[in-house]
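Shown next, in structure tokens, is the structure this report addresses.
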Amino acid sequence: MKLSLLNDLRQQNPIVFNISNFVTVQDVANGINAIGASPIMSEEVAEADEMVQLAQAVCLNLGAFTEPQIKHIKVTGQLANKYHKPLVIDPVAVGAVAYRAKVAEDLLTAFQPDVIRGNAGEIAALAGVDWQAKGIDAGSGSGNLVSIAQSCAIKRRCTVILSGPTDVITDGKRTVQVLNGTPLFQTHVGSGDMLSSIVAAFCAVDPDYFEAAQTACLVFAGIGQRVAQSDPQMGSGTFIIKLMDALQQTTVAQLEELAAYD
Amino acid sequence: MKLSLLNDLRQQNPIVFNISNFVTVQDVANGINAIGASPIMSEEVAEADEMVQLAQAVCLNLGAFTEPQIKHIKVTGQLANKYHKPLVIDPVAVGAVAYRAKVAEDLLTAFQPDVIRGNAGEIAALAGVDWQAKGIDAGSGSGNLVSIAQSCAIKRRCTVILSGPTDVITDGKRTVQVLNGTPLFQTHVGSGDMLSSIVAAFCAVDPDYFEAAQTACLVFAGIGQRVAQSDPQMGSGTFIIKLMDALQQTTVAQLEELAAYD
Amino acid sequence: MKLSLLNDLRQQNPIVFNISNFVTVQDVANGINAIGASPIMSEEVAEADEMVQLAQAVCLNLGAFTEPQIKHIKVTGQLANKYHKPLVIDPVAVGAVAYRAKVAEDLLTAFQPDVIRGNAGEIAALAGVDWQAKGIDAGSGSGNLVSIAQSCAIKRRCTVILSGPTDVITDGKRTVQVLNGTPLFQTHVGSGDMLSSIVAAFCAVDPDYFEAAQTACLVFAGIGQRVAQSDPQMGSGTFIIKLMDALQQTTVAQLEELAAYD
């Protein structure tokens, strides 16, 4: 776990290009900004080539995809591969909606992601494992989360992050579990979207994406945990505001004190 | 007034499918989440059938409608009717913009809403009553709000919520007025959109939509009032954050203490 | 500097019509509302004529432009000219993305803005001055900011606001620099978008747009400075919430105390 990557990120201030979920786009932009990277968003395919070249990492969120957005996502993913920019995919609700699962399958044939980040329902769907997803939520199932994540990583040939109370990060061979976090993340729509883009920011500063992914998860979960512990009565509205403050202000030393993973 | 519906909602965690105003979509998603339901949003008509089947209630916001969105709204409203899912309509700015009034008229012929929620200017427009709306705001007029709401309910054959300092809820025969609230709701764009989706969440847990609608109004207005009373100097930015916290944390007993309606 | 314009604005509550950046649209709507104007947003060209007629000022944000949005922006700019409504343009990222620079050039031929507001990278691009922009951020360059802003104002025949730690406001002949502000503005995506729409609101209450523009800048920067000074440890999440509160609550007298410009 290379927590010092957070300092590298803040020093290098990489540009992260996002095709983003229209529901949570502002929080995602602010989260990228707060952690110390520079967000850029676009919905127009005509500027995709320039945007990908400008960026040090690309994050494609499948959270709300209209047909024009799907074309945009496809072209952008291919450009990220072409220009060797790290590519993070967030497969929102592919476990709950058959249409999304089908489109995601087409997209994952068109380009090769470096990291996929989703909840248990989403990762299970991409691994081809049976699971009961619930709308945008993780849902429930009886499978072993570590083996689901590993199956997905092997099948998709990339690093996989299965987010939840415990995050599982694996490239199919190496596996880490991040134990930090707080249930308050589940109370705010868009926490996962924000994490996906922050993972992209970390991939911009470390070419070992498995290393970058696990560090991003620990940084995000650890910062959330510190915020939640500062007030046990905290509600979901206050949490997101204080999370933004803390993304900006938390130091590597503070994270080292509470880091919990194995 | 069945305030205990709030507990039913929190226990059942119904999925509310929203075609949402692009201006306020994130607040709406977070508000649905905070009250204890589960939001799902989409802009793509190809997944409308699945989304409606997934959901326990549907809320269509006419707040920002492009031609593709209008088609999407039309299809989704018809699907909600087909699958017997409660359907809430928020007719944003139909009182101020003739184009919106015309399109809304077409839509209300294509499907049958269960609840319409709007401000005085919007409900007056749908009732065919003269009123001076101002942009997205209620505007002013001399008519009697209760009789405007009742006319609208009879004309549109559904429950109507006319929101304002006093909320009027009526199915044309039965009428309730909710007296709780705070002027801070008017200072935050999207309070009305959030209420519409919360009404849909309550309709998912009570098949008497008149009952569900009035309870949703009292819960939302009452929670806002409690938040505002906690700090008389509160500004609109702090209000929305504390409102999110309180949507999640306020109990039925706390609401019973302040409930004011007749 | 006519700080009393803030009182005029609050009294007149002008409607500002915005074609807005999808990333920051909710903050922009809330910011317009908080300062005391009334926001209206739309993405549909079929209602552009009505919207412009409803409004007392128009703000076009080039922040995320798809082809349909570009057509919408073009038509709306021409309508603002036709109906003599003050027209503010925010040329997001034209300094960083060649596609945006080209499209912006076409748009600025199609209609005549009254005010252009951008950061150094954006204004330099529109002035035809060499500058190293960085994504959506200002970037860095060696030119003199005052003369860049003046060149842009002369070339574009309008008032120009070059935003930054010091704001430069000029109509090509007259120039003012606003020295108030706080670095916290840079930590929140959308501060600039919000300022652009607030400039439009001030233009609605003073036909001397150079006067309106400089007052808007001082009001916005001064309010931000007061918020930041209230807590030296403030993070970017808390800042935007307290900024919303303060946009609503700060008085002309409080701004007069700290106003710094020359």
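Labels A, B and C are assigned to the chains in the order they are written; within every chain, residues are numbered from 1.
Methods note: a residue touches a chain if its C-beta (ideal position, glycine included) is under 8 Å from a C-beta of that chain, and two chains touch if they have at least 3 such contacts.
Going by UniProt, the chains are A, B, C = Hydroxyethylthiazole kinase.
Note that the structure is predicted; figures quoted are calculated from it, not measured.
Common partners of chain A (Hydroxyethylthiazole kinase) and chain B (Hydroxyethylthiazole kinase), by the touch rule above, are C.
A turn of 120° superposes the CA atoms of chain A (Hydroxyethylthiazole kinase) on those of chain C (Hydroxyethylthiazole kinase), with the angle given to the nearest 5. We define each chain's centre as the mean of its Cα atoms; on that basis chain B (Hydroxyethylthiazole kinase) and chain C (Hydroxyethylthiazole kinase) are separated by 32 Å.
Counting partner chains per residue, chain B (Hydroxyethylthiazole kinase) shows two or more touched chains at residues 22, 25-26, 241. Those residues of chain C (Hydroxyethylthiazole kinase) lying in contact with chain A (Hydroxyethylthiazole kinase) across their complex are 22-27, 64-67, 93, 96-100, 134-137, 187-190, 233-238, 241. Residues 15, 20, 22, 25-26, 29-30, 33-34, 38-44, 46-47, 50-51, 54, 68, 240-246, 248-249 of chain C (Hydroxyethylthiazole kinase) are the ones that touch chain B (Hydroxyethylthiazole kinase) when the two sit in their complex.
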